[in-house]
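Here the chain labels run A, B, C, D and E in written order, and each chain numbers its own residues starting at 1.
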Amino acid sequence: MLRKNPTLRHVLGRAGWYFVTFLVAVAVNFFLPRLGDANPIDAIMARGGAMDSVSAREKEDAYLREFGLAQTDSNGKVVRSADGKPVKTGLASQFVNYVEMSLSGDLGTSILQYPKPVMDIILDAIPWTICLQLPTIILGWLFGNLLGALAAYKRGVFDRVLYPLALLASAIPAFCVGILLVYGLGIKHQWFPAVGGYDPSTTPELSGAFLSSAAYHYVMPFLSIFLIVVGGQSIGMRSMVIYELGTDYVKYAKLLGMKESKILLYTFRNAMLPQLTGLALAIGAMVGGALITEIIFSYPGLGMAILTAIQGNDYPVITGCTLLLSITVLVANFSVDVLLGLLDPRIRAAQAAEAN
Amino acid sequence: MELVKGLFKIPSFLFGLALFLGTLGLAFFGPLLWHIDVVSRVGDPYMAPGAGHWLGTDHLGVDMVSMLITGLRASLYVGFLAGVVATVVGTLIGVYGGYKGGLLDDILTVATNLFLVIPTLIVLILLSSSMEKGRSLTLIALIIGCTTWTWSARAVRAQSASLRARDHVALARINGYSTIEIVLEQILPYLLSYVFMVFILQTATAILTEATISMLGLGPYDSISLGKILNDARTNEALIGGKWWAFIPAMVLVTVIAFSLYVINTAMEGVFNPRLRK
Amino acid sequence: MTEHLKFEATHISRVFGHGKKAVTAVDDVSFAIKDREIISLVGQSGCGKTVLAKMLLRLEQPTRGELLFNGKPITATGDPRNHWRQVQAVFQDPFSCFNQFFTIRNQLKASFRLFEKKPSPAEIEERVDQALLAVNIKPREIDGKFPFELSGGQMQRMLLARIFILKPQVLIADEPTSMVDACSRASILDYLMKLKEELSMTIVFVTHDIGLAYYVSDSIYIMHKGKIVEQGPPDDVTQRPQSDVTKRLLEDIPDVHREWIPREAAVAAAR
Amino acid sequence: RKHKTPGPASSSGGANPAITTAFPRNETLYVGGRQWGEPSSFNPLAGWQDWPVNDMNLIYETLLMYDPLAGKLVPLLGESYTVTDDSVDVAINAAAKWSDGQPLTADDVKYTFDLGKQFKSLLMSPLWTGGYITDVKLGEPRHVVFVLDSKKKNALPVLDACVEIRIVPKHVIEPMLKAANNNIDDFLKQKFDKDPIGSGPYKLLAYSGEKIVTVRDDNYWGNKVFFGGKLPAPKYVTHPIYKSNENFSVGLMQGNVDVSSSFMPRIQEKKVVKAWYDKEPYFVPTSIPMLWPEILHAPLDDVHLRRAMAFAINYKDIRDLAVSGYSDPLESGLVLPTGLEQKFFSADDAKQYGASRYDLDAAKAELKAGGYTAVFKDGELVETHDKAGKKLPTLYIKSPSGWTDWESIVRIVVKGMRAAGIDVRERFIEANVFWGDLYSGNFDLIMFTPTPQPEPSKPWSRFDYVLNSSEWAPQGEKRYKNMGRFNNPKAPGYVARIDELLDQIPRIKDEAELIKAYRELNVLYMKNQPTIPLVYRPNQFYEFTEQHWKGFPTAANPYLPPQMPGERLGTRILWHLTPVGGS
Amino acid sequence: MTAPALPVQAPVPGPAPKPAAGKVVLEVEDLRVHYLTRFGAKIQAVDGVTFSLKQGEILGIAGESGCGKTTLVSGCMGLYIPPLYHTSGDVRIDGQSIVGMTPEQNRKEVLGRKIAMIPQGALNSLNPTRKIKDMATDMILSHDESADKKTINDRLRERFSRIGLDAQKVLNSYPVELPAGTKQRCVIGISTLLNPKVVVADEPTSALDVSTQKSVIRLLFELMNQEIISSMLFITHELPLLRHVSSSIAVMYAGEFVEYGSTEQVIFDGRQPYSRALMGSMLSTEPGQKSRKPVAIEGAPPKLDKPIPGCRFAERCPVAQPDCRSTDQVLRVVGGRQVRCKYADTDLVKQVGGTV
């Protein structure tokens, strides 16, 4: 069956590569935050308040053992070097342990929010991030493509006004748009709430009060992401459409006397296909963007969870979140890969040739 | 050559260039025209713009114009350094990978995907927070450069692969050129304008990225950059207090640099990329 | 006998890919090319001409069989430049044969890299001039010129000038005329003849136009699906074709003197 | 070898009790500035309690409360107390009961404090491990007796504990601990987030990453005892969780937060936001952020250098710029020149021995006295040489990154010191790294505020925190007091008098003598300059708006101290508030 | 340089002569067309061309690369796609002028219906992401909105079978899936769907090998035989091909016709040095021809961005006279065909090239 179906073969081949990438990503995600020699236990210890050094050490030992961060002797006591520092567990064995646990669906326990499981942290945060980012990115992508295509097709005023605006939009750092919105609409005019995901007088549930307050709080974060996505996407789409408009097949179609609308459809469709990759990338950059939006609007979500975790060297949370991210990005890219293969016969042909 | 001459006939290019040279000029010659002092307190915190201090003061009573010029220099420095690193590394690897194919190419592909998978911003935060010795401007630039080179590499690789099959490459081979010579003499020149555009984009991206991570409070410790100014303004509630001079000018500067670079890039793309010629 | 043979191929094949996907581009081919001979490789698109030519050029390796040059096997190891000093090529697309970023002259001078003993700069200039004159181009005319400032025909002549500089024993010409228009084609053929006569060169001429092959060659090899189906002197092959492939090739080229498309199929045209 | 991190710990399953109540604005008080991250545990024994537990008297209560304005202890669970040379005896209010209706007894109190004896890491354990008490006994009915260590005879830490330690229900905790095999670490994983049993006026209602909601317990025992049956005004006290200071500021300004203890620069510009005073310093300064040099190594072992540093700092700039003027002018020494401590302060001593004033000449003189020379180029400091002519390493001042007021302070400090010729630089580090570095002495200089809480033991406990030389731990090991490791008893130059005074002061009854002892200790401190105080700060910023609730205490109406409603004595504010308007 | 004397041979007649229907379908009158480069330079690629095409006639246009053949036929379509612009002159189809038409009118009434293009490089002329069937359907629907799916399908199937393709398979394929020859046939099929009067074939075979070329030409003939198309403009620089295909030939040089007459006249008895030189470069596999040397024309065609005084070919003409460079040449009738050479009727021209 594989031989007969180059597309399927290609998909499987790609899946293989993505899997390799995933494995490397898991390793990188695991090792990167552990590069520094900060001791994450210090963060928990600091919150425990003052104690004498003997009990401090006992306490520390308990945590070190629990998180598997230090080597222990046969009695289960933490091994310490001459200067009193605990001897760290080899990263390799930590990694093996981590992989085993992850495979069983256990992402460990947060250090900073001890004893909250990492899974709970992620599950609490992710709906907000997804609800804010995904529709915004997709809408922005659609709208941006539409604008870009229009600018390319109409040229003239459209192009001369819209295009520089789009360029400008993509040149403004993401957080600036957010800040300006907060400042202008949130504080100066108070048209929209400046912070939070919903009014504190409501509780997340399926009630009119909550939903309308959530929608009201949604507007500014939405705008801050939307504008930038639209800017970026429309620029890309414009070049693509201009390119398509200059191709031989468009010229031929014109000489055949085909209707403008048909020709436009041709170019839009063909220009849209490569833009799908842009969509995957934007979805991949989702969490990075979330970080900023969430800080500026004090919006709940994963970005903030990651930032807090990073600042607090909360290894399990960092690794858990990045694992999740990696999966999202890979799945997004992989889907686009497959989708493009299905939608674009050129790519399908190339895949078939590659399979040879 | 005709193309380059043509470039200078394109209004948008000239506009972008003028804008960019303007900011560059401000960074270089600003200190000649304005007494730069980012240490001394010259007045009250958040003094509104006025005669002595055209853009007022920051939360520590330091002259904003001095801060902005210093920050602009830092941002440009980060941008260029990161742009150069990302472009040079990315281009060499991209060109070589595209020309040679094979294992190197596969590794490059995985590396590229890897950087897609681990969002740059996160790598940046992770790396910079695990740097014990503190985050200097140079370190941040290097990190940005090192995490974004794959982007250049990917872009260049595709171009390079398409050149591989060209006859002049085959001709160079039977002229006895070595692989390196082929890459440098037969492939790279074709990509130069492209690489230059990549460099411009990388620089703009680096400037934006630096501003972003500084904004998150993860910027350099010991230097003033535009992002740092913005972060200071935010954390010291310039925003809430309506002290527009503490953040609007810095925002404008960041945006103007990035915007001018984008404009230059698109104008160049229109000229050098035959696909987009009208 | 071998000293009279430039190339000698015994049952060489070139296969791309593996297993079921394998494409046999050159399929069990044997031939012997004599010194100072012009042979033509003729066949339809995709029949394996270029792959065979590349094997002679040492840019591809046969998967099976043995290929001798001057009695010695061409192998993948060792300094290929020795081979390229003796076997050189001109390619199909003159526009893509030159690097757009260097002057033609400098690119011609680059050929001297292959020389074991590099001549002095003055001598290099001198020899470039001579080579240009040999293809009837006034040296001063192309001074400081870049490839895109010349026409396709001129550029193809530059490639031939390069051969005049290198003076190899063998020239592989892979469809050197298919991208240029009819007028330029004539001059290129002229210079190929001249190369053969002045430098007593062996030439392998690749084309899909048997008419061209007829003009230039001492011997024609007809290729089909990776195999050599017929070979012989031009007059034999064109006047008394043996294989169906050859007959078709002959029939298919339009010739002013021969009926081409049967009358009944043709539309009458007004005069 | 495998390490298994525990899975979900809470046996109570889902984290969010589903409630479909909306919270009417006129029944809800929004407090802020006490919770920054996702709440993780409401366990009253844990060291990382979240908002309604930590420092709060909303759910769990302390024995006593401290009124920092009057310097008096105020009853809560403890009806009264007596301090003798040997003991502290606290009588428990007979009406006190748990929210499940069980009476709160002396047994609960003893149980609570005994936990600290058994488990060395709990908040009450320093009483035991510090050797201040030897036993907690049940005395007369409803009385608990803390037996003081016979040598130290120091009741101050016990009184502090009475206002710090929240009493837990024995009948709830004991079986749970048993179930956890008496393993405190396993026990501490219990979140106590479902109808926890406490004695306080509010109950935990719901929480999420965005807010924590408590609801009034109408059966609270104290309503009758302290307020004649009156209920606290807000039905709900809610803490929205924002991600940064300025979000709380916006919340305050826009009326989404009623009272907050987050840092808000330039409060005078925010018209609706009020503080304790209506002019500078706005807040009541009770703590002293300071720079801690690491004393063990050259060059910071040299008092000349430390004093030069102190002289080189522009304290006025710090006050004006970094802390928005929320501070009285800094005086030398560890005694606050205002409020209750004023009586121990001597302006003459400060003038004579102190170095906490901006005086570049004095700084240079000290440097000269220490044999240091500074190398300047183009007006910029290049490096500093010691008396042997060797280049000193650059000294770094560590401070948590993102703590903006501290960042500003450090910047001003660095600026001044470099101008004086001392080669220092700022180094902002991640907060978690900060704690580790602080306690294990891994720094050149570090920013830190010792014991900021208002407590009956002040200023003794501040001196003790800064100068304590017992429980000596070498650099690299954690030490929770005197992190700069000053006055090592085993090292040359040990000033035994400091430790003597620290030991004696808690026992001194006579005020004149006490003043004398404090002055002597303070002079010793100033002479040795083991730390460098920078500015006075309020323990907490008490900011409120009266857009939705009114009746907050202020300097003009100081019926309660400036503390957050729900926190310590500030809890009582809740009974005095009235909603604005009627809706 | 003189051409070697050639053995005179009786010319083999071309396709069977059929009485011309006589009715003129396409008239081009003094057409001038130019390009505007991005940097503002004006390139007069077609400079005053006049000819007419009768029903049943195939006019071959020959000339070196860059002499303006493609530009001329593009100009004949009446649709000017930038950077191509109409300078002056007229194009009439069935007596109706099309250059002044609005693009929409031109599209509706002329393009594809009356005149259709078979473009140079058919490889890129088909929309890569659309099946052949869909593109052909679009073509029909563009001109006849009322057509229903089924009729269109039947028509396509019928027409594609008629041009010798496996209609079922080809129609359902994407362009990339088809070999070059088939694609060229598809283009021909689509272009002629509406039975246009004039077909403009721009080097339809130069990218194909000889065998495929022959089958494509055969197809075009069949279309004419079946009266699907009635007349054709056929561009190539392969003279032997023109000898078999066209009934008359125009030789173009530097944007002008230099000789315009019947195939026999131009090929065997050229009167203009350039067209003679062109013929001199032809090859033949006829016995004995091997010893004959094809003759090349030295030099390159002139650039067209500036007006060229005098005879445009004088620069390269082996028999150029001093006055050739100064006097502008006009087309005049010499020996029954139009020639643009002052010495057309002298023996001077006979020294050039030569007939085969």
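The rule is simple: a contact is a pair of C-beta atoms (placed from the backbone, for glycine too) under 8 Å apart; a residue touches a chain by one contact, two chains touch by 3 or more.
Since this is a predicted model, take the numbers as computed values, not measurements.
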Exercise. Trace the shortest chain of touching neighbours from chain A to chain D and give its length in steps.
Key: 1
Quiz prompt | Higher-contact pair (C-beta pairs counted), B-C versus C-E | solution = C-E
Self-check item: Of all other chains, the one whose Cα centre sits farthest from chain B
Solution: E
Quiz item: At what distance in angstrom does the C-alpha mean of chain E lie from that of chain C?
Solution: 30
Exercise. Would you kindly tell me how far, in whole Å, the mean C-alpha position of chain D lies from that of chain B?
Key: 45
Exercise. Starting from the mean Cα coordinates of chain A and chain E, work out the distance between those two points in Å.
Key: 57
Self-check item: Computed distance of Cα centres, chain E from chain B, in Å
Solution: 52
Quiz item: By residue number and range, which residues of chain D touch two or more other chains?
Solution: 244, 250, 253, 402, 430
Self-check item: Set of chain E residues in contact with two or more other chains
Solution: none
Exercise. Mind pulling the residue numbers of chain A that touch at least two other chains?
Key: 38, 182, 187, 295, 311, 313
Exercise. Over in the complex, which chain B residues touch chain D? Could you list them?
Key: 39, 41, 44-46, 59-61, 129, 134, 217, 221-222, 232, 234-237, 239-241
Practice problem: Would you tell me which residues of chain E are touching chain B in their complex? | Solution: 38-40, 82-83
Exercise. Within their complex, state which residues of chain D touch chain A.
Key: 1-10, 15, 18-25, 28, 30, 37-38, 40-41, 47-48, 120-121, 123, 125-126, 129-130, 185, 188-189, 191, 206, 208-211, 238, 240, 242-244, 247, 250-251, 253-254, 256, 402, 430-433, 435-436, 438-439, 471, 473-474, 476-481
Quiz prompt | Complex contact set, residues of chain A against chain B | solution = 17-18, 20-22, 24-25, 28-29, 32-38, 164, 167-168, 170-176, 179-180, 182-183, 187-188, 235, 239, 242-243, 246, 281, 284-285, 287-288, 291-292, 295, 306-307, 310-311, 313, 318, 322, 325-326, 329-330, 333
Quiz item: How about chain C: which of its residues touch chain B in the complex?
Solution: 57, 59, 80-81, 84, 88-89, 91-93, 96-102, 110-111, 113-114, 159
